[in-house]
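Presented below are the structures under discussion, each in the form of structure tokens.
Presented sequentially are two complexes of chain A, the first with chain B as partner and the second with chain C.
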Partner chain A sequence: MTDSTNTTVETTEAKLESPISIRMKLMWRSFKENWKIFSQSKIGMIGLYIVIIFAVAGFIVYPILADTVWKTTSLNAMVSYNPVTGYDFLQNNPAPPSWAHLLGTDPLGRDILAQLLYSTPREFMLGIVAALITVIIGTLIGTIAAYFGGALDTFFMRVADIVLLFPFIPFLIVISGMMQVDLLTLALIIGLLSGFGGITIVLRSQALIVKSRPFIESAKVSGASDSYIIVNHIIPNVMPLSFLYMMFNVTGAIFSEAVLSFFGLLNIKMSWGLMIYTADTAGYIIGSNIWNYWWLWLPAGASITLLCGAFYFIGRGLDEVVNPRLRKR
Partner chain B sequence: MSGEIVLKVENLSKFFPMKKSVFSRAKHFLHAVDNLNFQIEKGKVLSLVGESGCGKTTTGKTILKLYEPTGGKITFLGKDVTHLHEAEDKRWFHSKTQMIFQDPFESLNPRKTIFDIVAEPMNIQNFGTLKKRELMVMDILKRVGISPPDAFLWRYPHELSGGQRQRVAIARALVMKPEFVVADEPTSMLDVSIRTQVMKLMMELIKEMNMSFLYITHDLAVARYMADEISVMYLGRMVEYADSEELINNPLHPYTKALISAVPVPDPEFKRKSVEIKGGIGKPIDPLPRCRFYDRCPFAMEICNQKEPELVDVGQNHKVACFLYKKDGDTVA
Partner chain C sequence: MMLKYIGNRILQIAILLVIYVAIVFFLLHAMPGGIKTLLISNPKLTPQAQEAIIRAFGLDQPLWLQFVDYMKNVFTLNLGISFSYYPTPVWNIIAERLPRTVLLFTVATLIAFFVGFASGKSLAWNRGKTTEYVSTIVGIITYTIFTPLLIFVMIWFFGSFLGIFPLNQFLNPDLWIHTHLNAQVIFLYILLTMLIIGIVMLVSYLMALRFSHRIRTRRLIFYLSTIIAVVFSLFFWWISPVGIYAADILWHMVLPVMTVTIISYAGNMLVMRDSMLETIKEDFITTARAKGLPDKVVRDKHAARTAMLPVVTNFVLSLGFVVSGGVITESLFSWPGMGMTLLDSTLAKDYPLAAGALIFTGIFVLFAHLAIDIIYAFLDPRIRY
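Now for the complex of A and B:
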């Protein structure tokens, strides 16, 4: 009996695949399953397309255009012209859209389309860095608070309450008055602040559900340490929700950046918010003037709205993957 | 009374404080397990029987250190394990003990594959190489009747049926060849048709691996089938303790009598003296120093209201906690 068991074990051992390739296959399979659900949600797909269009424009189209059409010395032999920083002396600025400037120029003679594309990768960077920090902090704090409970839990939940009630934008305005805030610092501040806020409460409540399930006790009986249980059991089970909240946080971060640049409070070269700020300070977004100079604010404003909306839509699509109750049958 | 004693529990108690908030001091205590004494020999099965809420599961979990005991002493393989502080002691204890849970749908992490689940005790204990773990997982899966094991290794729990899941849970518990296993109603969530299979499987494995089992159940028939000894619990107290056949055939405590008379017998002509008990199970919050069964007992006497009955040996390793009985089988009333 035991002999036959041993031989079969050995033969099956020979045809065992390496665990890493099996794990890759499993991940690919679960990705395919989730993609199937995600692709059925229209709103999520719209969001994904918009994000892809922006990503292509910012990461691929801009470098190509910058190297060819917008080469600093091209355009005109008379002066060197940088479309993002330079002044176009060939016309009265702001100039409406033309073949030389597809989306016109701003009051400082800079090409609107070039500014728009130049800012896109930075908006992505800001949104994703801020959201990543938020989600990492939120997941860790949420699961730790849920797992250990007691005074630690109470402390972090009260901190979350305070952060939730915190006037977020006014606080950022004060911070940017106190120190030089560039894009990375802003991402860090937004990430840290919102990481201790609402996301902790949501992930904690999810972790509390996971914590009470018997497989946690099962691991404890085998001698698992607290950190082992949090890393191997609780975090993988709240991960889909963290990922979902990451998408919503990208929206928040891009939006906050736009508001702050609109007030001219950030120490950055160019951003969508800053483009509107430039038009505003030069007095072009006042009263009845506003539609006469639409190219000054509409492209930037639409980009902010579209990209924020797109990440939110992706979040909505992911929501259907994470919460089976939302799925249409 | 021969054989090595694997587990010995003396005066084990577990009280849960009933707090209103984090900062307030507990005024009331829930006496989930109160003054429990028993021992399990190597290769033997002890069954804890009782109604829901009587502290069976708490006893099992307290022994396995999921709860810290409030009082008493637990000796495992001759070593005091009541409070484990040293990391080395903890490792040793947890590698030799395991638990099988009631609900196979909840006791397996849905995000892990069967291999991860079964190999987890070895991962935690850092046991052997990956290759060795893989072989041991395959071996134990085959022994619990999951075959071919390599077809199941990389599946997720939701792809398995209830019976298969419980087999995986058993495999996980037994993969490190533990000395002592707590089985918390492992068959109560299963289909009746699968239940006997799983019970037979456990019996075979217990004999084969010479393990000691603490089998928690509410079903006397299951306890009789599985266990060498049965102990009946009521509201955190042990009320009767005997070899399983002796307990079933000769129940002494009124509560045990009532339990046994409630077991259906597949014979329409069968007439049995039924024992009527009143009311429902009470709450073990700050219990009065009297017999916990006093309110429901049909034979309640004056003395039952005045003090708690001690567990007395009435001969043949049969112990009962009731004032109706005295030492050596004399009946008082």
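Now for the complex of A and C:
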């Protein structure tokens, strides 16, 4: 053993991995552990499956179908037909589900299924962009407020109090009634408004807990700057919680968009909420008539509910990963 | 001490209110072209009316002067003149519609709170059973359901399929045509009755605390006085000539209240469940069980009481959300309250009314917030102001 010590040291040094790959391995390991906890929560898994189904339908199935079945075809020599924008002259619209239109057509003669799939990627984009903005703002402000404390902290907490009190949807309604709001602007508005709200309070309290841990003190002693500590030590530790809140924010953003476009307040071409709006303004959703034209509102409404619910389910599942107290004993 | 605490809260709320009004004001003026352009481009107004409004509200003055004026106007309830109901002042419209929203929300939130509280309690207690999964999933679905979808189903099921509840409008015009009564008066009377019952409950609770140390006697006093108050007010409504109109309004209110309850109970339920799960693991629950107390007593007296506070907090936080849901509910059930006014005026580009509705929705939320804060202070013995 004694004579081989020298060689082993050399080999271990040679074998020593770069810090990046160690970090990657650690991340992979913690990801595997968290995945194990997450996959035990049935609710989280249901949500994940629904989101995957929608993602596949919107990002993979729709482009394929749009290139094959739903190509702009000519109905006869004069008129061409595009399922998302065109009018199907071959039948009375709205038509109930048939083989030509699996979910029927709306009053403007457009194919419901094609509209549903066409809107799916846009809903994802909106939800994720809005939630990302919210989480980035919330994490930065929450950690900075917790780390520096003092007047900065008080200021942002009071701002958060005000934002929390805001009647959110009425506010969005008035804004979108006054100016032309498209999908990206809406994502920005929702992201900014909710970024200063409740999420900063939650992340701040989490960051306060992290801040009081010994390794922050030792980082300070070894001469780390404030920004280095925030970026490298505090933010990674509040990240799981931010991710959890991101899921809830996706739900909120998609829901807000659906409500606003349901009232016809948004300047957009197509979305799930707008599909119901079209049917509603054309007078097909009134009293006893409702069930006779179910394909006009049920598929779109169910999609909104399912996608919102799915992200919420994922959030609940993640809650059990982030919040060990909720786990089973 | 309590009064000092409440005074503090009112002061804070007043500051928040000023900030809120300021935000709404700058929102109005940040619009492309500003409010003046909007005013001039509104086809419903004659040039004379436009002139009058511009002069009356000083729209040709510098911005900060306008802001000071606006602040002053808001607090003297001079919110301008509605474009679409010209020349009705905005305040008259709001004063007519605010009680409707307040009534709808108070009833719905109270029901939602108790349903959520009770179901969350039993969910946590039955952890891991099939009923828990089913009701959690149902709860999340009703929580995240696209509100119009829910309302369509409700309208179809109760209004059209079963045909037991009236659809649209908040009263039956055939009944009201023979009377000179204003619906607003009835709304105010109903609210007054609810307030009186609430006060009786609170006072009897406090009296019972003073009066006796035995829980059974306390409970007897509390329930007895509550029942007497309810029976007495019912009797009063029964003999009064306007009782039938109140009943008509309440009958039209059932479906909207049910909808708002379904939307908002789940939030309370889920928070109650989580909070209960944390409480159950505490030592005093184990102690209570070890003492041999019945399961139900441990659940209701020891665990649920402690777990209740986060639910109240969540309740405060979700208030804005509930009001948002109310906009949709009101406009789809044609319940002419603040939410519907807000939406209609926005769609009609009636900015004074929209801004007024937004401000008063905010005020409503702020006051509900204040009320809950006071209740919270009563509930939580740790809060000593």
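One rule holds in what follows: the second predicted complex is superposed on the first by the 312 of 329 C-alpha atoms of A that agree within 3 Å, B and C clash if a C-alpha of one lies under 4 Å from a C-alpha of the other, contacts with A are read in each partner's own complex, and residues count from 1 in each chain.
Simple rule for what comes next: contacts are C-beta pairs under 8 Å (C-beta built on N, C-alpha and C of every residue); 3 or more make two chains touch, one makes a residue touch a chain.
The structure displayed is predicted, hence computed values, not measured ones.
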{"item": "Clash-or-fit label for the pair chain B, chain C on chain A", "value": "fit"}
{"item": "Partner chain in contact with A:151 - chain B first, chain C second, else both or neither", "value": "first"}
{"item": "Touched partner set for A:162, first chain B, second chain C, both or neither", "value": "second"}
{"item": "Chain A residues touched - chain C or chain B, whichever exceeds", "value": "C"}
{"item": "First, second, both or neither for A:70, with chain B first and chain C second", "value": "neither"}
{"item": "Contacts of A:43 with chain B and chain C, given as first, second, both or neither", "value": "second"}
{"item": "Partner chain(s) touched by A:304 [first = chain B, second = chain C, both, neither]", "value": "second"}
{"item": "Chain A as apex of chain B and chain C, Cα-centre angle in degrees (nearest 10)", "value": "90"}
{"item": "Contacts of A:245 with chain B and chain C, given as first, second, both or neither", "value": "neither"}
{"item": "Closest approach of chain C to chain B (Cα atoms, Å)", "value": "14"}
{"item": "Interface residues of chain A shared between complexes with chain B and chain C", "value": "none"}
{"item": "Parts of chain A lying in touch with chain C, wherever the complex brings them together", "value": "42-43, 46, 161-162, 164-171, 173-175, 177-179, 198, 251, 255, 258-259, 262-265, 273, 276, 285, 287-288, 290-291, 297-298, 301-302, 304-305, 308-309, 312-313, 316, 319, 325-326, 328-329"}
{"item": "Residue ranges of chain A in contact with chain B within the complex", "value": "5, 8-9, 12-13, 15-16, 19, 22, 26, 150-151, 154, 213-215, 217-224, 228, 233, 236-237"}
{"item": "Chain A-facing residues of chain C, complex", "value": "16, 19-20, 27-28, 31-32, 38, 127-128, 133, 136-137, 140-141, 143-149, 152, 155-156, 159-161, 167-168, 270, 274, 277-278, 281, 317, 320-321, 323-325, 327-328, 331, 339, 342-343, 346-347, 349, 351, 354-355, 357-358, 361-362, 365-366, 369"}
{"item": "Touching residues on chain B, where the partner in the complex is chain A", "value": "22, 61, 64-66, 90-91, 93-95, 97-99, 101-103, 106-113, 115, 120-121, 124-125, 130, 134-135, 138-139, 142-143, 148-150, 154, 169, 172, 176"}
